[in-house]
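These notes open a run of structures that come right after.
The following pair of complexes shares a single chain, subunit A, combined with subunit B in the former and subunit C in the latter.
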Partner chain A sequence: MADLEVPKELREEAKGHDMYLHPIDKNTYELFFGPQHMATENFSVILKMDGNRIEKAIVNPGFLHRGFEKLAEGRPYFTNIALLLRICVPESDVPENIYSMAVDEIVGWEVPDRAQWIRTTVLEMARMSAWMFWILGFGNEIGLYTAGQWAAAYRERFMRLFEELTGGRVYHIYTVPGGVRRDIPGDKWLRQLRDTVEYLKGKLKDFDEILFDNYITIERTEGVGVMDKKFALRHAVTGPNLRAVGVPYDVRKDDPYYFYPELDFEVPVLKEGDSLARVLVRRYEMEQDLYILEQLLDMGPPSGPYMVQDPRLKALPRFKPPKGDAYAHVESTKGDFGAYVVSDGTHKPYRVHVRGPSQSHGVTVLEELLKGARLADVPVILKTLDNCPPDIDR
Partner chain B sequence: MDMNEKPKVEEKVENTEETKPELPETKEGRLVKEILGEAPYAEGNVRRERRVEFKVPPERIREFLETAQKKFEMLIQITVVDWLKEGEFEVIYQLWSVSESVHAAVRTRIPREDPRLPTVMDIWPVAETYEREGHEFFGVMYEGNPRLGPFILEPREYEKHPFRKDFNMLGYVKGIYGEDFDRYDESKTNYVI
Partner chain C sequence: MESVKKPRVRIVGEEKVRLKKSFVKPWLGIKYLFKKPVTIKIPFERIEPAPKYRGFHTLDWKKCIGCNFCGQICPARAIEMTWIEVDGKIEKRPHPKVDYGRCTFCQFCVDVCPTGALGHVENCYLTTSGLEEDLELYDWVPIDPKKVQELNEKFGDYRFPVERITFNKETKETTYYLRDGTEFRFKIIGYGLKPPAAARPKPAAKPAQKSAESSKKDESSKTEEKKG
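Up next, the complex of A and B:
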């Protein structure tokens, strides 16, 4: 690769388009990885390559910036749900929940038990469907397409359940400050959810055989993109990526919300810190999430209202919370997802700031981990970090 | 009677302001007390379970965060809030302590005219990303961060600082998209875009 000469015409054409295909010095050239590459999703990394090795990586986000935080300042509180959930595409219930939790705290609402149960169930369902989505992406990146197609089919089961519960498949607009928008459709829905959980429990073994215990996965991920504990903490890496370096930090355990204090589940921790550890932590979490869903179904939804009883809710567009601010966060499949909401006493939020987990592991951490990696490792590192570009852009 | 009662309430409020609120005997209270012992220039209080907050003057924010780093391992976010009427930016460093499971909001206020803060990149390298975002959206200068510049926005939008409260969003969109956007009237204020 070192002797590669870019033809003169191509080089000049590239210069005209403000691209730098030409070699920077004798052995180095710049490569634009994404946004058209499947692994990066709406995101790009500029790689300075020496042959097949990456010398330097520069993350180039911004393809998805739609100014959600600014737009949220111009809308009433309840309307913002339909906007902010678009920040996290695979599990859109997470932004709904963090925003609702923060507003609940500002207003001082005690969310009814039934609404809390529904919110917990919805979050766990979102986690499961996001895991399936992740298998689809990860399986495709390392060439194990069958696992990805299976996962997409299983995700469909959750989408149908979501559709029946909320009316939407991907974006649900379901959790609102004070509770949820609608009650559970009935016992039939709960039975369907239990069937899906049972079904997926059996299918995890199939995923083990085809993906997690597959020698291709192990060959491609072992020893790739290693980080250590100190590095991860200083870079505010959260979620499965942090648990893969040996820190048992899980928001559901450490800052419990909703029904999580009453549920019994484990936080899987591995010490290696490479891509394989990150993959396996996710595999163990899938098991835990199915276990949590099972417990929730055994518990059954508590009786009572699904929305807080407040006369102010009758005039929704002009609903005004008191002055104040609150930070709320939940554990998503990507990591610690948080929202900081400031209220100045008017019917619109003064400031909404969303903390996406990819903001930390998708920029500085990615740049560090890509240094010295091979070009073929880039999709593996991107997918095992579970980088979600809308978190960075927002 | 009513007239007599009202000043009494005000007096009570004044009294509570003068005496510093006592920190509760919880893990949060002990944590705040420990940090304030090392950094007496800051104010701190416990908001609720697992939530504490500090107020620090901007000149000493770096010193304070260096102290706080011993207990709070992670810098979760740097939030900038534009308080237009006061003419100030409120910069909130949101920290999370993995060992104690406590969230801390470290607040500082800087003037809107010349917003400058020292970088905390060397304490938490992830601050680089947050500071780039704060610089691009609000125009806060983080001295010592080498990568301030166009990050998420397009280069033509750089230095317009769109998240400031006095940024004219409708005017900007109309200026860029012109004819396609002429159905919007700037004189109307009740548009929700």
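Up next, the complex of A and C:
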């Protein structure tokens, strides 16, 4: 590739940009990693390679840019739910919830207890199915396809539960400002959820056996993509990636919302900051999420309405909240997800800003961590950072 | 704030999280070879959609009051209000026409419908054979829920209740060929909230009318006479 003919003018022009064509030296070559590679999902990394080592990595996102924030300004408040949840595909309930929480705060609605319980449960279920999705991706990247196949099968159970609760499988469009759209379908559903939780608890042992205790996993991840505490804090790393460098920050504990203050769970923290630590933190969080779901089920849904009673909701398309602004954030499997909504008193929001965790994980941190890594480690670093390209591009 | 909340964080240390490296354990996964597979063999086995799965729409034409709430809430702008003539009689109010090329199946339109005219069924199979004429299929004015229910009981495979839709450009006549062989004909005479020219009185009468509500009734009856 080294003596690839690139026209001289193009080379000159390329020097001006940092993005596309780079002048190629004798021993270095340029490698386009993704978006057709499975690990990168929907974005690509341009790698400048020296043999098997990466000299420089430039992240090339933007394949999924749809301009959600701008689109949200042109649609009525409730309608935006069907739009914003597309920001995070594996756990679409997170954008729904942050937006709804922010609008609730602007309007000043006290969300009924039952709705809060349902929202907490839905968030935890979404976390669990997102973990399963992550195992699918991560297992495939290091060549342990069996774990991925199992995880996909277990995720199906949650999808079925979601289907019965919300009427949709992947995009639930369920949490709306003021509550949720439907009530729990009945005790049968709660029993099914408990069965699923019990079932997965047993299956976690299987995952330990074939994935987390596996010699291959540990060899592939130990000491790969190390980040230290200072670096992580400077680059606004959140979520499991931050807990893997020794900072016990969890939005559910530090800025609790919904039912989380009443729930008992632990925050796993490791110090190493390498890929293995990130994997193990995630492994432990799965256990905690199942435990949280169990507690929620023991508590049982409180009785009462599942939606606020407000006469303004009768004319939904023209619903106008008062002037104001609010920020709300939740803990997702990717990190700290937040939304800032500004209302100017009309029936459409003046501004919606979404703070996604993947911007820092997938762009700035990834570029730094890839420096000096081997080519084979790229998927491992990518998957253990667990970024979500739709969230980077938005 | 930090200092108050910090003690509540129960931190789990290394000993608990760290696992053991093992060569042998991964082979234990082999036990699943002897269990029943979870894969669903699609043409032979089937999973039913959950009750109240958000599928295609139904519309009770008698109940719909043409308020356009559904059109206003639709995030994908998939709904277009349509003026319809059935058996030579113009419907008094416009009805929503749903374009499934745009629809996201959020069913917000069903939630906001004040009269409960718009509903949905569990039918969810959107696939076609990819013929040119099939593209016409998924832009329709939803039909009566009772008819869809009847078709569902008959076929039970959750497909689109209409097999073919033809639109005659000259007479503006649309024909739905339902799956059980019956045909359903009507004319689409215009789009939008305002009554189309055919349903409007002579231009001299009232050129600009904002509150069309009251006058619509006699308009449509007038045009009926004209047509008849």
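By our rule, the second predicted complex is superposed on the first by the 371 of 394 C-alpha atoms of A that agree within 3 Å, B and C clash if a C-alpha of one lies under 4 Å from a C-alpha of the other, contacts with A are read in each partner's own complex, and residues count from 1 in each chain.
Methods note: contacts are C-beta pairs under 8 Å (C-beta built on N, C-alpha and C of every residue); 3 or more make two chains touch, one makes a residue touch a chain.
Note that this is a predicted model, so its numbers are computed, not measured.
Novice: According to the stated criteria, A:Lys323 is in contact with first (subunit B), second (subunit C), both, or neither; which is it?
Specialist: Neither partner.
Novice: Looking at A:Arg234, would you say it contacts subunit B, subunit C, both, or neither? Reply first, second, both or neither.
Specialist: Once the two structures are laid over each other on A, A:Arg234 reaches subunit B alone.
Novice: Should A:Arg75 be classified as contacting the first partner (subunit B), the second (subunit C), both, or neither?
Specialist: both
Novice: More subunit A residues touched by subunit B or by subunit C?
Specialist: It is C that touches the greater number of subunit A residues.
Novice: After the superposition on A, what does A:Asp254 contact: first (subunit B), second (subunit C), both or neither?
Specialist: both
Novice: Kindly classify A:Tyr284 by the partners it touches after superposition: subunit B alone (first), subunit C alone (second), both, or neither?
Specialist: A:Tyr284 contacts subunit C only, not subunit B.
Novice: Of the residues on subunit A, which ones does subunit B touch that subunit C also touches?
Specialist: Subunit A residues touching both partners: 75, 79, 254-255.
Novice: Using the touch rule from the top, collect the residues of subunit A that touch subunit B in their complex.
Specialist: 61-62, 65, 67, 69-71, 74-75, 79, 233-236, 238, 247, 249, 254-255, 327, 329, 336, 338, 340, 342, 350-351, 353, 355, 359-360, 363-365, 392-393
Novice: Which of the residues in subunit B come into contact with subunit A in the complex?
Specialist: Touching subunit A: residues 50-51, 73-77, 79, 81-82, 92, 94, 96, 98, 101, 103, 105, 124-126, 128-130, 133, 151-154, 162-163, 169, 192-193 of subunit B.
Novice: Which residues of subunit A touch subunit C in their complex?
Specialist: 75-76, 78-83, 144, 146, 150, 153, 156, 160, 163-164, 167-168, 171, 173, 181-182, 185, 206, 208-210, 212-216, 218, 248, 250, 253-255, 265-271, 280-281, 283-284, 314-318
Novice: So in the complex, the part of subunit C that touches subunit A is made up of which residues?
Specialist: Touch list, subunit C to subunit A: 2, 5-6, 8-14, 16-23, 25-26, 28-29, 32, 38, 49-54, 69, 72-76, 104-108, 111-112, 114.
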